[in-house]
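Data block below; observations after.
Every chain is named by a letter (A, B, C and D) in the order it is written, and numbering of its residues begins at 1.
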């Protein structure tokens, strides 16, 4: 007898099944079958929706504003949005995650307050030597991240090129990627200074002061440094098709290079939404006008490694500044990630369920070494599920669970609703209420899988 | 409660699982799980082997010699070799399968005498119009085949180029491939006449009279005719890496073109085995010297659509002729297909189980539109299994089940033995004896899947 | 003091010069300069035209109808059209050029009656062994040609595939190309029989009975045979862009393969000109509808080795048959080759003079091993010139010099006129009259240059 | 009657001629011929050498040390080495060439003291706006150059990325390339500091503190900035094959990108020559070990735009410093450029004369818009010649003409000697003595030609 059986249409790891059951035992998927559902302590039958693997959000900033306590609200929002695992960024307030001691502290907080499972990025501070890298990997971090632009001297500093190379050299013998926030600081500073001097302060000024050229300048340099060290270089957000094509050139030349897309680059266009949203759609790098079609081509060509939320827990006050340049960059996006991507794919006539399972679950899980524990509905995997129903909804952040009460998606129509979320077999969201507790989520260390499976593996 | 449960390591459709159980109900895979096996009428535990999907042999000549009755012995041999589905060629004795009436007759025989399941190729006779093509497709054939070389004026005739084009044009709007036996008749006739005139009559003379150039001449012409009609052109046996590269050029140019390899091209080399085997290794096109390494590169590069046996039921008398030119072409290979390929892959240090499941089961099933019913261990598929154990064996055709009592593989060592075979949940072979009955096998019509899934599908 | 000095704008081997002089001594270009012209026995100043290298027509049938005497009228037409060297095909009436004895005879005739220089193709008759190939090469032929279609059992027979391979194998160690008339005989015969049976007899029936698929079937087979022998395979006329792309695939794979275009494929379209011209535009392979733009793209992409006339000396009676199937294939095109190509290039906004010098002079000269003696205005080369003036003309075959009195180009407007032609320094055409004599032309043997200069040269 | 006639074997623009004459009138090549030489005021017959086009050195630093007066000795050395045109870098002492006024001054100096012709690079100073760019182009500069590394705050400063982008944007509508000295300043500073701290001070320390990764980091960033602006980005020295391949990726993607090689990267290897030469082979970026073979492959694959000397007029005192880090970077290389490259090509069995004419004359002339005035022996071009004889020599800087009295090439054997040099028809070097005068050389402004001729030209 199983602890739980789900029954209905599902996107399994080997494709869609229209009528199957999934048996859960001790938090794992113990069996998958068709026909009559076996006995279980709890049976849930999906009649008009579809069972998807729980979403693995590859890029979250849970603690940028409120520090470690931000984990609680962010993961609560996650399960309400069908996200069962978050990969959290290291730029915590007040101090980033750059030592084993801070990793232990963050893990402890996760295990105490999280509603969803969490994997963790780490970073290296300016001038810090690489001695903490091995303990951090040993401690289970899935990736490292640095920035070529200083957002904050302590929390989110710029790392100079010699140190980037040094980190790459340390990571080269491993499967651990080094991700980058990719903007050229000299360019952005110069353009921002010029804009301010000219008295500009709107969203257009923000975009123009961080042009695609600044993004690509940092991207090209970072990719080449990764290539020089034969390490895995990962661009955590590319906003143009050209970016993914450049990454692909490196992959074609035999280097380990990948690029990631965030869902808002597929949804908003400053020329359409800019006037309404203003600073509410300020993200870095900025959303480019007229790029959405080209980005979809990159996804369908297989050049986008994964799609993530880049969720940031900024309060709205942080956006309501006289000048755009004083507004915080980043937007809440955890709870909208799944319905937003699904809706966008469906509107293009694509197989939205299959693409969602691939781009939001299996690929991020594989990318961060969490597969096969996470990322797909298959025997032996964690029983993480997001059950969608085809019931359209108008997004209203007042009903969201991130304690932020604002969203650039307010008023947008999504074609689906998250009906249920299970984390390791436990009901976390029933379509109306959060059903699990702080501490139901847990820290997930990196496993043995890795992205460049076909390549000769570094030892 | 299931009818049957298998338990042990298995190559599932989404990868290897070291300890799982597979529940079978009414001949289908009803559930797959891990942990304690559920109740079942019959439980079989695999302790030291591996459960593979049953092999789908994409190229069998069951009826070339003995006519339709040949189905019985060929399928008996199949199940003893882990082959659960055969795709049989149309060149039956005395008349080929080129009408709906003959299809009905062959299906009736299959359903009466087969031990394994069978799918069917059809053909078109010289000068026959294309009016039978639609009824044959409607009747469930998986592919058509013609030859550019006449082996027999009725059974295995040469089709002229205008008729090849015409068949391609009729098939173009469908997903049905047209396969070809690819040898240039003018070249082979001329070279054979020269060899005979020179008094040559050994295996070398056979090879030299059917050189790679004759094979490639016919191949290139056939591919171009398929391209002209925008139909799916399939070369049923290519013996050189160049052949697969030529096919790949057509695929790269956007045409539907595929090439198949037979397992003996990966095992024998005339310069090593020719003296011992002579006519016993006569196949058409001939096995080339020194080509095995290059062919493996084609497999690993993904340019080989599938691997098959090209099993022919010739009695040994047919080989013991004074001149090689009078000997029948073709060899028994059904029962050796699986152990032979597995052994060859293992000897190269490859993941033999994964490659076997891919090249001998899933790819042929997908190619012939039999997937997902056949070709992989997944929920809802037919419960066709081949269970291997790692027990080396020296092949001895005296113990084979094809009633032929000879094999070019006699004395060769295989690293594995077929321990059990199940056809749709029924035990067909227990490692020593055939356990099912004539008529346990059944005709399998083409399903909805097709090879060029990603391409724009012809309606 | 030079024998002759030409002065004016010229397309030299290293580019256009707007004001230069060319000094000729003993039939060779002895000096090229700018500034005041040096002393000369004869000075000709070009004021409003341009001096081009004499055209090298890579494909002429001077003797298909009238036998060797046809050389006189064909070469007379040549010099009137700016063509100073013809590469003549071997399909002479009544017997083709397939022995050293016939080569000697043809050379003797050329030296006696030709107005322009001539290089020669040879052929091999069905069943003939290859023993004449070496003497023919020794005797100076530039290439061999065979056909896959029998136009005439003696003069223009089909060569079977084993013999094609054999010829390729004999030529493989040399730089001599084997050209092919590329049409699949079985296909053409079948389609022609069907058309006749259906009572069709117009130009459309001709085209449909020799479709692109028949051309490509023969082309693919021939290219593969050449590849098998590692010899130079040349398609003497491709009528579609696909043809050139297929050739390019072979070149990309490292084989010596080339394709040629004839100028009428760039000028006529059966859907536009068919009704007016009927059999007057019957050529084999047929001109395809709507292909001209795509063929120009092939030229500009560098995939067309050279452009030729395929001039055939058929009398008009040969065209005025009740059925298109009884009409001779081929058209007069010698005298129109240069103005036609120049006009077509100019109409597309291209640099017509540069393209003409490249595609009609330098490339054919290089292709047939005649460069640097022929094909470009450079020191030491033969003093062969075609001087164009920008004076439009309406073509009227009554004024042509081929004794045929008909042309498919009648009434077409060319943007240029051939003002003067010099053959090895001798004035051959002054814009109104033929100025040289029978025997002024001479046989030109193949030199040392070859097409695949960059490739590793066969010894 | 000509002013001058040279007679003998020559590498003309359309290939080698074994016996020709070249007639010069008023400094231009007025005629080229074969046979008896025409009358001339002066006739020079080359019996055992070869006449090459004068070398166009694409990268000279004549004024880095001694300021504008350096032009005299540098150009004197040039003509003694067969170099007839120098493209001089803008990093003059004490101030760089970044205004029209300084251009005028430099031109005046050239016209007063130069022995060879000179074209000029310009630059833009840090923080300088782009208003001088148009006047400088108008004034005839052939290219602009900046550095990503500060060698000197005034003369050779680092330009920040926003300014690089800005310069690119200004140059984008033109054919003028922006060249770069490509080293990442942050990396070099960090690595140098570390080396100094560790007490290292030899050539190895120099190389390790400026690794290929620092070169490639700057290169990638610069190429991407050029791509962003759709301008022509030129890397003035790449030291590894990877560098040229990266440039080629940009070209393949449709951007204007080129890379240049300096001859010392083809001649020295630090593991072979380092111990002997030490600081005498210090150049930036450093010469890499074991890279020569791979660089030749890049040349033969056509991925190296041109080859230059990067001649720097440092006195030897500048090299004899206790620490390598205090030694000047750069070496004298003007007079050795031609014999060094010719010898290296010959030693590899290549056609040294043809490669020299291509890589050292025609390509640099085309690259900098000086062709057809410079770079090839053709009618109408400047009568600039370098006559080589096949007489081996052991290099001895004591006999050189650059007033420097040291060279890393001292003691090296070259297989050829520069026998004569002519600048615009005037004998400048007779194999023993300088024969022309200060002021015989002249400034050469950029012409109309450009490198990306086949590309759609920016207006």
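Simple rule for what comes next: contacts are C-beta pairs under 8 Å (C-beta built on N, C-alpha and C of every residue); 3 or more make two chains touch, one makes a residue touch a chain.
Just so we're on the same page, UniProt names per chain: A, B, C, D = Allantoinase.
All values derive from a computational prediction rather than experimental measurement.
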Length of the shortest touching-chain route, chain A through to chain C: 2
Shared interface partners, meaning chains that touch chain C and chain D: none
Centroid distance [mean C-alpha coordinates] between chain B and chain A, Å: 46
Interchain centroid distance [CA atoms averaged], chain B/chain D, Å: 64
Chain centre separation in whole Å, for chain D relative to chain A (CA means): 50
Gap in Å, rounded to a whole number, between the CA centres of chain C and chain B: 50
Two or more partner chains touched - positions in chain B: none
Chain contact topology (line, ring, star, complete or other): ring
Contact footprint of chain D on chain A as seen in their complex: 160-163, 165, 184, 186-187, 189-191, 211-214, 216-221, 223-225, 227-229, 245-246, 249, 253
Interface residues, chain C side, partner chain D - complex: 12-15, 17, 20-21, 23, 25, 28, 30-35, 38, 372, 376, 378-380
